[in-house]
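Two complexes follow with chain A in common, the first pairing it with chain B and the second with chain C.
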Partner chain A sequence: MSRSTLPTSTRRPTHHHRPSRAPIPTKRLLVAAGILVFLIALRFATADAAPIPIAAARDAITLAISVIIESLPFVFLGIGLSIAVQLWVPTRVILRILPKNAFGRRVVLSFLGVLLPVCECGNLPLARGLMSRGLTVSDSVTFLLAAPILNPVTIITTYQAFGWSDGILVSRIAGGFVIANLVGWMISRHPNPTNLLTPDFAASCRHDQAALHGRRSRGREAVELFSRETTSMLPALFIGAAIAGTIQAAASREFLVALGGNPVWSVIALMALAFVISICSNVDAFFALSLGSTFSPGALIAFLVFGPMIDIKMLAMMRTTFTTRALVTLTSVVALGALVLGLGVNFFA
Partner chain B sequence: MLDRTLTRWLGILLSAFGVVATLWLAATGQLTLYIHPRYVVFTTVMAAIGGLLVIGAVVLTFRGSRKTGREGATAALDSIDDHVGHDLAGHDHDHNPRSPLRRRLSAAGGVVLVVAAAIALLALPPASLSTGALTAGELDTTSSTTLDDAPNLVGGDSANFNVKDWAALLRQGLTAGDLAGMNADTIGFVAPDPAGDPDLFYLARYSITCCAVDAQPIAIPVESTRWADTVKEGEWVRVAGSFRDSTAAGATTVLGATSIEAIEEPTEPYVF
Partner chain C sequence: MSSETPVEKTSKRGQRRDLRRYRNTVLALILGLSLTAAALTTVSAIRGPHVRETIGDLTSLVQRDGARLSLRVDQPLTDDSLEGLTITPSVPFDASLNVNSIDLRFTALLDYGTEYRISAPRLTGLYTGADAPLDTTVTTPSPDVYTLVRDSRIGADGQDTPDSVLRHRLSAGDARNDVVISAPRIQEYAIASKFVAAVILADSDTSTTVELAELDSTNTYPMSLPGAGSVRQLRGSGASGFFGFSFTGASGSQAFTSTLFVYDTRDVSGVAREITGLDGNPLQVIDWRFIPGTTTIVAHSFDGTFLLIDAAGDRAPAPLGRHSELLGIIPGTTTVAALDPDGVAAIDLTTGETAALSLGEAPADAGTYPGRQVIIDPSGANLQLFSTPLTSDPGGPVESSLWRVSTGGSQKVFTTAAPGSRIRDFCVSPNRQYAAVEVASADAIIDDYPALGGYEGMTTSIVDIDSGAVLTSFYGFLPDWCR
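What follows is the complex of A and B.
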């Protein structure tokens, strides 16, 4: 598939030659190398600079950087997988192996995370890649919501943290699966699911599906996809991390912890905490464990189901793809699902 | 012009910031200021791969734009611009044409983001979370299961125990009698007693389960007459002594300090 959004007038002359034999413009490359050297030099030069004197501001930055450094590898991994899916897996293969029946297709896609164990920040580029390969919005959202929970890394870390106690592991897996498929089903009932996408992303999907393979080298395609996905994802990740770090530094966790014992409020409090701290689904179980005896099991389950699907960082990133209205609805449904699950466990389990 | 350059290079530039910052932290052994040690290898490897992708993107972009000539380069930029340019604006709007104002705003936002990210990731010195007063709720370890999986430490080589090990022992309900003969010699920062007892402070460290975002304080009570005369709140100290029953009301087990000295912040301030 080529980025063939080029106007037809320019496409003809530009694609007869493989670009790979072209010489590299030395001057521009020197500029790029110069920038890289400058960045590295800047880092070494400022290593011992005076820290910011205001503790709260310094902590907010430290927390934001920790979110970025923790998430960035997963974003790269997700973009890498997304590029691989878009360039090396033909659409017909994807569409052939999936069941024709919409319900069955969403069920299968819920478990795609088993093969592609990326956490939520890596899933979004992948879901975008799947949509631009022609998968429907409802199918992709089902994958996007289910995969961070239904993947081996998350399941293993949750098991390590909790074992079988309180049914936390089982409720997390079942809850994630049910909520993801519920949301997918709701979107499939939408008269025009494409309206849930930002106009720009929808347009880029149309381009991609209309595009033909083989016009340009795969390497060049991959690099353009990398530029495009990082330009979409990283600003959102950085802004989301900054917001999460600021809130975390400004607001005391004390207040939330004080609500811990109450069967209703503890569920809401931990969902709020999951929303704010935006930690990665692959590791959030360890964090939940540290809250273990303060909070009710239902609250922990709500934390472990809601957090991977929706948090500040994810909303910032999802906004590149979905409209605000779609995200508000999505967040409400997922929050409601997690709340019902948490309360159900507290009152009936 | 500016917004076009930005949409072409923003992702690559921000990736480069993240890669340089991560690899530099890894090379200088400071990644654990931000993430748990178990992710250090994964993070370093992925950052290196990201770095290769960034370099590849730069080289291939230049090579492509040279070969196809000026017209081709412009077209290629248009293509990227169509795909991602609008994402930056972050608004729903009619597809084309973009209003000049919106283009300028989105370009300005991009520039601010690049500058802020460069400062935060590359120009500010790496910092650990600030130390200082902790609230009674934060100091209450009775409910924390962070300490649950502590191995059986009694009778171990207590010289190497950190604050977390001692806190785990105290939480198991061990008394001064159980801990007799085990001398503590460990570091942490000073958190005053929330109740205001001038002869009691908490020796604290942050414990991290995933990354600095989830840091939780772990502390042990230290008894030392008028400690504020020697050390300050938030200061890193090395405390030696042995455990005994508190002289104050309430039969809690405290560390009776025989020596307290101020130290530099350790290179690894957190416990894991």
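What follows is the complex of A and C.
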């Protein structure tokens, strides 16, 4: 039985002052210095090695930029919606229209993407906004995982690409819904879900709740929210896109395609591909269509369900909000859920 | 000694219990999903390959030589998986392996409405090593056949009973038919895509109109013609949705004589467009044909030149040489059969090459008077009509028979059952399997239509060319296979 967790705002005392800009932590400086030292050491250690091919580097940069260009409009759209929700939709309205029952609330939030059809990278700021407005972590995670799949743009593009063939569309919708709600239910079992959030984000949630009672103008508040969200999201997006681009250029696509012939490895291979290429859920169906002749339907479904929920870019962005341990748990359950879905479709279809 | 109060201790214990419960939930979830994934992995790995999907246009299997079908298997196969591959009933084919797909190319046309079983003793997975037999079936479609019924009877209301185009099901024992278009006097008709077009005679029989209807709708609408005049040689292109006809008449000051026009059912303007010849002027044709299923036309122009024309584009026509008569398109091919003074030529439109066809000779006892000849395959095998007078009276009854003639031998395919009844015309199904034979009874009266004259009360028999068996008979004549 699912336990109805209280909104985060009711769990912590509120603070009526804005946290001052925190000084750069020593730990981060040490990590940055460590990376710099590692890179310098690597440069000296590989001085005689063959240089990185320019074409591969160019491919990596092109791929990274393509991920950024594809994601950026949705990030800004998501931030805009997030600000609108945080500033202009009263908490009581959100809480009133959602079912009181935790399970029912998560089900309704799974379909919120129908009204707010943004890509997964735009859903993160929106999910952060929902948490700032008092929704529980499990509610927001359910929305975060379900919305990239259960939204009209994704559904229509998937239909355009595959129609009703092999049950890909139906499996994607049903699989996305079930996995999102499964993860939401799992998180709802946590005695203190706020512990799954990074301290910085938890603090900002508390501040946002406190700011509800403040008297600052909404315009100024919107600018501050925009500044804070872009400061959090964009570096994460750039880092995620850079990693995705590098791995795509380095990993042999032929190797992934060779795996595609095996009914089991094909599912794992496409999940790995989805994780690496970090393609937007609104267009990923057309990418998957190009793999349709090589990969099994189960592999395609795993690609279309796992990718929108978890990929390198999303993990980098989600790390701004969730602790590493929470992300490991969440990623494990989503990956296993997508794997079971893909294998099940391959076996029973 | 602890400084915590009992209440704080209880609260901490409760928190620890709740946290333990959460961790147990996570572990149970991960364990359950892992076990399920492991079970599915195991059963997937030991199960042999199986066909996931059959890819290909089944209609093309009964329309075109060299049609392809792919069996998509759920995993790549070893090269020896195709050993022992058979298809029942037997049909010539080539098979090749393409990673996880068995590609079949049929080198002959398949029969209508037939279930073909594709079997192989052992398909072996390239990576899993698991094997399983192949046993799958495909069923070819049975097309609808259309006939024209010219009805001269007077109805109970004192009015002429209208003529109709009937749709029939091509399967033995299925006598259903339905009217797809009807009008007072239909001279001819054609089918293209999901449309039927009918040439309607005006009261004076000197001019015609053309009515269009969707096959599954009773609504009709007129085709916009170039002007007042007469439409002949109406033909449909099949799936590509074009109609074509030769038009004789006038539009204002411009006169047309047997000028070729095409009408695109997808063109919202609804206006028929004239085809131009090599000189850029409207093309006057003796005869013409669509290459079935395409928008390509082969026309026999007034000056004797054969032209290859793209009805959908603006490209200039390509000349195919001069010939005496356009015999038709050989079923299942893109080869045109043309009659020349020294014999029959086959023009392969894919290569542009022309070759002489050896048609073979019918036995001397086939009949007294040889009639129309229809070439049914690229080897030159053909069907030929023969008539033998039953009396010495020149206008007396005749016996009609249809023969399959080839260089390898000849055989009688069909003869009229009742003495004196006659074969008006015949044609071959697109897959060369059947002949549609129009039969008029001995006492049938010739109708009074100005073109494509027929007899009252005609029937069309569908005859298996190989066995001579009559599959079924329909009321009416001018089957759409002949259009």
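The rule we apply is simple: the second predicted complex is superposed on the first by the 294 of 349 C-alpha atoms of A that agree within 3 Å, B and C clash if a C-alpha of one lies under 4 Å from a C-alpha of the other, contacts with A are read in each partner's own complex, and residues count from 1 in each chain.
In the analysis below, contacts are C-beta pairs under 8 Å (C-beta built on N, C-alpha and C of every residue); 3 or more make two chains touch, one makes a residue touch a chain.
Remember, predicted model here, so these are calculated numbers, not experimental data.
*Asks:* Could you tell me if A:A250 is touching chain B, chain C, both of them or neither one (first, second, both, neither)?
*Replies:* Once the two structures are laid over each other on A, A:A250 reaches no partner at all.
*Asks:* Considering only the touch criterion stated at the top, classify A:V328 as touching first (chain B), second (chain C), both, or neither.
*Replies:* After superposing on A, A:V328 lies clear of both chain B and chain C.
*Asks:* Mind working out whether A:A349 is in touch with chain B, chain C, both or neither, as first, second, both or neither?
*Replies:* It touches chain C, and chain B stays clear.
*Asks:* Answer with first, second, both or neither: which of chain B and chain C does A:P235 touch in the superposed model?
*Replies:* first
*Asks:* Check whether A:I156 is in contact with chain B, with chain C, with both or with neither, and answer first, second, both or neither.
*Replies:* neither
*Asks:* Mind working out whether A:S296 is in touch with chain B, chain C, both or neither, as first, second, both or neither?
*Replies:* It touches chain C, and chain B stays clear.
*Asks:* Identify the partner contact of A:R319: answer first if only chain B is touched, second if only chain C is, both if each is, neither if none is.
*Replies:* first
*Asks:* Residues of chain A touched by chain B versus by chain C: which partner has the larger set?
*Replies:* If we count touched residues of chain A for both partners, the winner is B.
*Asks:* On chain A, what residues does chain B touch that chain C touches as well?
*Replies:* Touching chain B in the first complex and chain C in the second, residues 293-294 of chain A appear in both lists.
*Asks:* So in the complex, the part of chain A that touches chain B is made up of which residues?
*Replies:* Going through chain A, the ones touching chain B are 3-7, 10-11, 13-14, 17, 19-25, 28-29, 32, 35-36, 39-40, 42-44, 46-52, 55-56, 58-59, 61-70, 72-74, 76-77, 80, 198-201, 203-204, 207, 219-220, 223-224, 226-235, 238-239, 242, 244-245, 248, 252, 254, 257-258, 260, 277-280, 283-284, 286-287, 289-294, 319-320, 323-324.
*Asks:* Mind listing the chain A positions that touch chain C in their complex?
*Replies:* Going through chain A, the ones touching chain C are 166, 182, 186, 189-192, 261-265, 293-294, 296-297, 329, 332-333, 336-337, 339-340, 343-344, 346-347, 349.
*Asks:* Flag every residue of chain B that touches chain A in the complex, lowest number first.
*Replies:* Within the complex, chain B contacts chain A at residues 7-12, 14-18, 20-22, 24-25, 28, 31, 33-36, 39, 42-43, 45-47, 49-50, 53, 56-64, 66-69, 71-72, 74-76, 78-80, 82-88, 90, 92-95, 110, 113, 116-118, 120-130, 132, 135, 137-138, 143-146, 148, 207, 209-214, 216.
*Asks:* Spell out the part of chain C that touches chain A in their complex, as residue ranges.
*Replies:* Of all residues in chain C, those touching chain A are 15, 18-19, 21-22, 25-26, 29-30, 33-34, 36-37, 40-41, 43-45, 47, 52-53, 74-76, 99-101, 126-128.
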